[in-house]
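Structure, as structure tokens:
Every chain is named by a letter (A, B, C and D) in the order it is written, and numbering of its residues begins at 1.
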């Protein structure tokens, strides 16, 4: 968070100086380098002094010093990335830059085109609350979908999602099923290598029914149980009672007549677009960029942290559940449409291994992998790293905290990736000394 | 539970009749059949009418009808186990029986010796509270160790355990480390195929220190984390403050100066002896017979259910922890000696797949296996079976309850078996209709 | 195979009849139903008698009887899919049909548009050998890429692939790395629910170098080994000697001076496009549609069987390896460009769970999953199903064959999915009686 | 191997000197230290010069320098084990020593008794061939069973084993089933920290039948396959034809009438006793000490390497299979009795992580663990360590060999531990330079 504020101050200074010398490339840029048709965007901070240019490029989690010169609308930037000497030459015109580059390393040489545009600077004085009624829904997390809206950190968005099967609050089928999502939202200032923090302010059912299933997914069964109990995959329909905040089975069998579930609305899918070298991710899948995590802790008053891979982050939300048991053992939870209100923040230049979640009581790390054993390793190691970084603990000190205080959730086992959540009560950490 | 009471009534009738005709084999017997030197014990209920004998043998979870006759101290019993015709012949003398048997099946024939002794009938009118100060400790769950004490269902035992390293409440090294346990306790009336219920009434620290470690076990680490953070396995010593019920690090590094842990005493090991065909189990291992489960939920006011494999169950307890984080990530928890008070009950003729735990809030099933994925399957399927049996639910109905209401703990990943605990809040089940 | 031939005969009859009455919808059609913008294609066989139409729709592995009528260019088709009554109405014009449909089930109703075009009938009299020089390469298996070529079953294609990093036989960087593939090839007659058989006739290196790496992937390491041996991920460059068919390290360290590897060219990626409801698959990933399987057995004179999900299959090939150890433990194998010659066949209306491979010696099934344990289950069960189907074995009989004769390969552990190959020598099966 | 020979030479010198001064403790000793009733044995080499004693203790894989003095039958030995100062005092009498010891470390102090006896020196001039007809069989690997025979490295033992169910070559039931083994054999000179090499010289069936099963074990099945194909666990009986070396089903169903299996005799169980702090291991289980590995490669002309944990190693053999498919998918292989001829060697002071196997074509490492993923990690990392040690390769160089040349077997998935075998053809290693 410190980094974040100090950067904003720096940004302030640069901006004011840039206003004085409009033609000079002072300030923050989105630099896009295009190699073999694939564009990679990075944050570039430049300061001009006479014809000399100095600055910083944020690449792959590192700040790289940039030097160069600018004259008569021509710019030349030079920096070293590992053993690779990079030379960018081009021209400035109307507040954008473009040109060609070469990157020459010990063993190989590459080249391509580049362009740059100024980071947006029209941040509203006050955070806004904006409404967005979705008309299209998306079944992949993709960087190729035009953003539905540009928002600033601090802004609040009020929107809604259709259910996992594509039906909206009026039970109208709006899109094919498979977790169609609302978005993407472009967050100004979010660049690859930053972290996007999404806080769910309100999450409320907006219709009176949900659907689920009556079988147990394969990963939940022993061979003996599976052989003895053939799973029947009938749709179960639940009545949602908003007033009492409970769900009950429609057409309940005698044995489940009184079975009543407290509602606990949550978002099954929150994710950002993948980086330029990655394929779009199905919204039935999950990974470092979030997606279909199906974790019941992604609910009202929780904050989800995701690594940004594209300018603006490109945030998608949906797949709301009125309630879900841990593991999402029926393959579906109580799938329904939902009204969603969220706000975003950006933590600049921060690296997290996998999604993190925070609420009033807990800090949490998610492991998303092809087996519980792998997901467990990822969640646990991510928590160790988090504590080491945030409280300047040695590996042994972090180990002591984890060994005495860790708790776990198994969020879901219904999809290609399973999820394990490692969590520590904030009260256990209250005596530790935050870094800096 | 119904089964249990009805049997006691039956037992009552038989007993009173047996008192009248002392020489006749009326009543409940422990039948031991010895094949190839291996003795297997089973419950045999007999009723004599004239020279005719009828009864029931409880074998492998089934009740098998027995018929036969008795005359002049000679007895002959016949029953069919699957396709195997069993004939037991022998003599009665001084309240015991013995002889030889043959079992003839379609493809094979076996034979051996047998003997039987009357089930104990001297149950105290009132449950007793007995004290036991251990002088020896055991590092395997074994049927070969003579019981330290015979107790009846309902009795309460007050005893103590040394810590996992073998030190007692006075910090005296009593035995080599590796989870040395107190016991075994012989529970009258517990026979193979029954379930032993152990309720922990009190569990209290009895010294002011505990030991743990400063590394994370291999199963908790990603390869990247392990390569970047070499684990240091130093012993950490904790001060236990009984008055405030907290633990603090002795010689705490600056960063953990104020780190204080609420105590939560638990038993890392509770187990029974294995069956006659199984090897003794190391107390560092776990399985269907319990053992080193390291589940923090096995604490005061919880009840653990274990399948009985030997007459008397042969119950061992120990490896107490003043506190343990989920996963037991340091390999050791806060290992210490403990005062233990527990009571036992026997649920006759009941089959459970794996250990169960119950407390005021939850019903829980444990999966203990070589990977989290396998343990998860076992815990989940065991819960489905439990609900199907106890609430007469179909597989689909059980699936609906699990899918909406399941929670999980990862109890430990420090030993050969890992543990996953599936749990459902009793409040979620309150509207269901218990079977019969 | 029987199924295949009998269908061709049927097709023959229909075709000849269709030639006589050109305007009538006799024959084989590609029916495309569009629901909520998503088109699903299926094979539809129609026979007209007067104004009556009868036929068969192949959907989800089942043949569904279709009836209807046609008059004055208007057509109406009716069929039942489970409990859903489907009604398709539309018009015929210039050899294509189009219209709207409704599907009415017990609980729900859907509708959409449809169109149909005749299956191609211009099969060449003799199989052809065609050359294709790729100019573009693709980093996803996608149905959205226009086919580069239409081929018929029996045709042979001679083409080439760039290496996994995007360099061609002249060491020219043609495309960004990440397994860029050649294709897609459209195979006439291949429809969803069919199986595409790809036989590699020749696979030959076409340059004198390959690249690999010097580290071991995380899945191959124990925590202890990883902590003691930091992996160094340097590129290793290999000289490929076509004459002697060996590879040797360029700049070999002293200890590996004489280390020489027999070449064994193989294709790391062979795959088809996913179905309409699935996202494109990264060519670094694998699944039922093949993809980056990295199995050294996909080499000259082997046949790979893949389930078809799109009309024409849409076949992609590439990621050739001059040699690969099992597991592909370095993340990369000996990556190089390659000349490829393959032929295709179509087995109509056949369902396989996962990719199959066959060569002169073995039948093989592949398990591709997020853990070796899951991949092992998939490969083994797929083999049991294969034997049951092809030799009319009961489950027990198949179990006996597997238990006595199974062998396994671990194809790769370097990607998101790992691969386990179950294989049985054909000689072990020689005494079994093929079904029909 | 070098180490081995140089030690023998050293031993030679010491022995001859010891003959001159019989009362002095020159030479090799088995030192047994007893702490808290648990005896640990170690090799102690002593040289006396005047009243000064110097020597080496081999403990936990390290050679520790020992100094001390001896006078009038009193001996005092001092050495440092980490930060622990060890003082052993005692007396010598009749070629044995005994006394008490203290070990004082920074934080803790322990003490106990010790005794020592001379290593046997009556090695026969020529290796012998000895016959052993077993009369008892053992269902655990245990250090508590008196050895049946003492043999020297180089000796050949001709013996036999009953089948896994306890029946011998005459179909006589000799013992209860569950892999009863022949042994233990005490190998002179083998001490904890050494490696025992067992070479199977002959392995021949000695009766005409074997038994197996008709189901597939749970680990081999997907949930879908298990639900669709209930496994039937009938015993299958096979006729063994020694002349033609094939097995055929007795009472074969029509579909398996001609199904004939080439025999490939192997030992399912070869193991040594566990160390003093470990529980006996069931012969249905496996681990670092071998046991029920069920690897078809443990067959004629192969050598198995096991870490020694007890003086003499205490070697057990049995559970022979006339043939087994990889995975041992039926739970049983073709279980039969067998004539066994083996020889042993001892590699002194060598540490291996898990069992190794070698034959004419391959070097192999075994991973034995609770999941295939874990077993795979163990086998692969063990091979990397082997190559690094034997060919003085860096981690990267070993990685290159593994990545290009590794092959794998899945030995078995039928027991608590599964087995993965990593193997490299010796021909691939022929160009590498053996260490020293």
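The working rule: a contact is a pair of C-beta atoms (placed from the backbone, for glycine too) under 8 Å apart; a residue touches a chain by one contact, two chains touch by 3 or more.
Quick caveat, the model's predicted, so the values are computed rather than measured.
Using the mean of the Cα atoms as each chain's centre, the chain most removed from chain D is A. Interface comparison, B-C versus B-D: the pair with the greater number of contacting C-beta pairs is B-D. Inter-chain spacing, taken between the CA centroids of chain C and chain D, is 46 Å. The centroid of the Cα atoms in chain B and the matching centroid in chain C are 52 Å apart.
The distance from the centre of chain B to the centre of chain D, each centre being the mean of the chain's C-alpha atoms, comes to 34 Å. Chain B has residues 221-222, 224, 230-231, 371, 373 in contact with two or more other chains. Every residue of chain C that touches chain B in the complex is listed here, in rising order: 218, 221-224, 226-227, 230-231, 371, 373.
Only residues 35-38, 107, 110, 139-140, 166, 173, 175-176, 178, 235, 277-282, 285, 369-371, 373-374, 416-417 of chain D touch chain B when the two sit together in their complex. On chain B, the positions that touch chain A within their shared complex are 212-216, 219-222, 224-225, 229-232, 234, 236, 247, 249, 253, 255-261, 323-330, 333-334, 371-373, 376-378, 380-381, 384-385, 388, 391-397, 399-410, 413, 420, 428, 431-433.
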